[in-house]
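Across the two complexes that follow, chain A remains constant while its partner is chain B and subsequently chain C.
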Partner chain A sequence: MLLERVDNPGKLRFDVPYQMAMILTKINRFVKEGKIAIVARRCDEKAIAELVKRDLLDGSRLELIGLACSAEQVEACRCTDPCPSRVDIGQPSEPVKDDQNFAGMLDMSLEDRLDFWINQFRKCNKCFGCTLNCPVCFCDECLLEEKTFAPDKGIPPGLTFHLIRTVHLADKCVECGECERSCPVDIPLLSLRKMVNRDMKKMFNYVSGDPERMSPLLTTLEGDPMEDDPNVC
Partner chain B sequence: MNDFNPNILAFCCNWCSYAGADLAGVNRLQMPPNVNVVRVMCSASVKPEYVFKAISQGIDGVLVLGCHIGDCHYLTGNHRTAKRIPLAAKILDKVGIDSRRVRLDWVSAAEGEKFQKVVTEFVEEMRSLGPNPMKEVRF
Partner chain C sequence: MSVKHTLTTCPYCGTGCNFFLQVVDGRVVDVVPCKTDETSRGGLCIKGYNAHAFVNHPDRLLHPMVREANQLTKATWDDALRRISSELNRIASEHGKDSIMILASAKCTNEENYLFQKLARAAIGTNNVDHCARLCHASTVAGLLQSFGSGAMTNTIPEFEDADCVLVTGSNTLEAHPLIGARILQAGDKGAKILVVDPRDTPLSRVATLTLRQESGTDVAWINGMINVIISEGMLDKEFIDTRTTGFEELKEIVKKYTPEKVEEITGIPKEDLVAAAKIYASGERAMIAYAMGITQHSNGTDLVRTLANLAMVTGNVGKESTGVNPLRGQCNVQGACDAGALPNLYPGYQSVEDAETKTMFEKAWGTKLSDKKGMTLTAAFNKALTGDVKAMLIFGENPMMSDPDIGHVEEAISKLEFMAVVDIFPTETAKLADVVLPAACYAEKDGTFTATDRAIRAVRKAVDPPGDARADWKIACDLGKMLGGAGFEFDTPGQVMAEMSAVAPIYGGIDYERIEKEMVRWPCPSKDHPGTKVLHADSFKIGRGVFAPIRHTPPAEETSEEFPFILTTGRNLFHFHTGTMTRRSAKLQREAAGPYVEINEKDARDLGIADDSSVKVSSRRGSITLSARVTPWIRPGTIFIPFHYAEAAANRLTNNALDPVAQIPEFKVCAANVQKG
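Right, the complex of A and B next:
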């Protein structure tokens, strides 16, 4: 196992914060050289892959120690992909087959669905918890802090705010569920993300967190890379 | 017939579709009056953010028109449009707004008639869909 190769592994923590991937983008500030070993769940692993693909993180300086989530955790996150590519700690659990939470939302008529979401979004107090705690929300200057898209005064911020977050995360969201857990007013953000991720799979056969394939929104129709920076939203 | 007059926003790229719209005008093709044309440099500058803002503020339909694939002035600009606009429409559907309210099409500088056809059809479709429900929503 990896730890045997290291003389002094330092302090090990298993309570990995979900924001780990974003924290690691500042890696050069606290560890100038050498490698860092991180205990990573499947979703952390996928978030890291998204950031590495976008040149925000140097993957060659990381060594991942795979942590398999327990059955209770899998249940709580309604996780459909809980097993890291390498399990070093814990026992792999069965994924949740079918997420019932959003199935009901898709059965509603368009009118009811709009009603449902408007009432959800009306609760938003623009705390930015969903943004700050997301492991793949990486822009330094957030578009949502501009008054073009969300009024600078007053809450709730309106529908545009949430739609923009949805489209920005469409090709990145790794379904860790941290946005939904962070939301003080319990907006079912994870369900919305999961529905859109399912659309991404249907439209482009793309699943966020794939270390090999660049987001289809950043490539041409043939799948070739575009010239501009991959790290824009 | 339903006498609802939809309010339409049409983003046209400078190099093809806007010229196509111009041609339609020069040829005096009959055009519905309820279309507001916004000239953009490339259809790729129509980010989903703008589409969402327009729809959230109650515009009845958004039309995005660009050069045909392969003809974009910026080479692969419209490749990006071809992926993000359908995604934006899908996202609207998820929160309960009819995805037909957003349409993407390609119109070249020589296709004045196609411009007229696309716009007229879209206006008719929006007329049958009725007003954007977001018009009535106060946050």
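Right, the complex of A and C next:
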């Protein structure tokens, strides 16, 4: 919600891909009561589901207004799941069949892939844009701000920085692509996320953004999945 | 409950990124990048993402303070302003108007800087107004004005992306101008060649096509050397030289002596690398030069800037898209402060105070007699305070006790002043010494405009009210102007100030707030129907033909000795900004670079028995500081680097106040130093 009060509805626009869930969590730290209505695309909706499951947002205080992305937006985001569960604004569009960027990555040999990522990460300027704009990046104490894991002596921050984030998002990433779009130096972060999500699907048949199913990575000490208490994470 | 998002311009470097300040119940809580902004395109650097952090800091100045019995004590606005005006009046009548110096601020808006210079010129009656551009790009303004006729970036930020070659020298672009650095990386991704010439390895040089490491203070030599190679390889743009420039024969004569062998001897750059770099630069269809403090902050800074202009003109890389000579300005509004006339020799819009016709025009516009005597520069003012010629200083948002070279000298100069008033948002090292301190509003608390490094005029919008009794600088300047008996200080809004400025400064002629809301306009923009200018000097130079300047290499003002065997160079890191007033009060930035350090080459460290993170003492002929060693392969042996953000070990205790004769910019980039285990 970039507008507090709409004086002129003609000025409202639906083509700016802000991550509403990210803006919502920022506001939520300060706004403790009342209902919040939010225009949500499919990725916003899925991100909100991940946050509600973890008790980071109170779902009963939210009113989702479903926004279907246009075909151009779906194309630009290389989105494979564009249609929200309820559509209030816009016309549903077809998902993209094949993400070429991601497919190209899979074609590389492991050695080439490593080289590719090392070169990409050398461009990193440690702006934290990928975490700050991520709708499901929510830890109060961020490991990336720990000197042990991400040394504080300048840039680029090194491979660990990116790999911590990659693993950390394994059971949360809804593939909104905001990390990639926010990256000032064009590191293709969405492809990296998709790589991990592919493994999550293969290994656990789990897809992030499901409002019902708990992450299979959250287990009890006995190793049983924590299906019975979805609010513990 | 109320939530709003105010679109505004970043208060840090001169890139001019826009973002939304997120405001909940009248309090700035966060920053959200702006996807539709042409400059930042939904990205920001770590400083931008944390630009909200200092706004609510408990150290903010909330009340005016006046020195009573050698103690700064809380006062009313009325008392504090009256104290300033009566002291300035007294000093003007006892010692003359030219004994008063006003320091304007590159952190304030165009409108405010316009008022600061008007305060000096029209209310006090002196041209003694200057600001920290003197410490960063004064040599650019002087040098490019002589070579091209305009002292600003010739091209624009988005153009970096489409260059075939980007030559970056004396600029740690990814740290100091991260979003411009990002554009350069994108050009690289698209196949452009990136050349970096710097005594330090920077994050950009580590991904560059070719990096040359020169010894600090030898830049004329490598640039002349490149021109020499270009001429002897026949890679020059003869048509451009013939039709658009003058003075080529003299240049040719001078650069002849700078053979690759000779250049290697002076600079330490291997001759093969110099030849390769020259060929890469000259073979690009569209080659851009970007530079910053590594070129300007030398005692021959103006000459150096002109040498870079020579290089661009020899290859015809001026006046077209994705070419040119591009000084990267380091503060949110250092370009605008210059444009607005906060310079001792120039009225708003770069019009000379010594030109009788211009003076008459301004006298008419401001309804008062003006001085025809060129004013004092910032660096001269501190020297003149020592000799007793300057008696009072009124400082808006500057911190010379951290930012100026040889702080010991600045401190002594300030102690000699009869009166000093400081307007700031935090109790800075300088404010602590003042007789009157006024609390100002920060960028989030006022309206106005900043002019970015690429001449784009960008809106600054008020998101929240100032804390306590703090006031916007433009209001303070108006109040003081009126109290000092000046006419024409009755402004109710910054928009009215811009209207007056655009009427007297032709390059801003077509600028008004309504337009800025709708489009990004870059000066020169002489009229309302003019679209603004992206590429300068497209058909002809402002002075007709571009002027080649034949320049010889001269050694820096201070050379190493047995006692001081290292060359010390200073600069910024990614996480802090200048004197740290704002960034060191931002928790996340402070976490990334908490304390002062000196970068030293591994080999030098080994020879001196210095371990990484151990304490060392660095001394120069002017002082010494103790800080931690950062042992690294990323700096030339024999050279050390200290960021100047840290008050507890201020690099400027060591730096040399040697000045460029034309621009009077100090040589921050070379001083002789010694390192010991401490």
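Points to keep in mind about this one:
The definition used in the following text is that the second predicted complex is superposed on the first by the 188 of 233 C-alpha atoms of A that agree within 3 Å, B and C clash if a C-alpha of one lies under 4 Å from a C-alpha of the other, contacts with A are read in each partner's own complex, and residues count from 1 in each chain.
Criterion: a contact is a pair of C-beta atoms (placed from the backbone, for glycine too) under 8 Å apart; a residue touches a chain by one contact, two chains touch by 3 or more.
As the structure is a prediction and not an experimental result, all values here were calculated from the model.
Contact with chain C, but none with chain B, is seen for A:E145 once the two complexes are overlaid on the shared chain. In the superposition on chain A, A:F128 makes contact with chain C only, not with chain B. Of the two partner chains placed by superposition, only chain B is touched by A:M203; chain C is not. In the superposition on chain A, contact of A:P92 is made with neither chain B nor chain C. In the superposed model, A:P156 lies in contact with both chain B and chain C.
By the touch criterion stated above, A:K26 is placed in contact with chain C alone, chain B being left untouched. Contacts of A:D115 after superposition on the shared chain: chain B is touched, whereas chain C is not. Contact with chain C, but none with chain B, is seen for A:D186 once the two complexes are overlaid on the shared chain. The intersection of chain A residues touching chain B with those touching chain C, taken from the two complexes, comprises 122, 156. Remark: chain B residues 48-49, 52-53, 56, 69, 76, 79-80, 82-84, 86-88, 90-98, 133-134, 137, 139 touch chain A in the complex.
Across the interface of their complex, chain B is touched by residues 105, 108, 110-118, 121-122, 143, 148-149, 156-160, 162-164, 166-167, 170, 192, 195-196, 199-200, 203-204, 216-217, 219-221, 226 of chain A. The part of chain C that touches chain A in the complex is made up of residues 1-5, 20, 22, 24-25, 27, 29-30, 32-33, 35-36, 40-46, 48-49, 174-175, 178-179, 181-182, 185-186, 189, 203, 206-207, 573-574, 588, 591-594, 630.
The touching residues of chain A, counted against chain C in their complex, run 1-4, 16-18, 23, 26-27, 29-31, 34, 122-123, 125-129, 132-133, 145, 152-156, 181-186.
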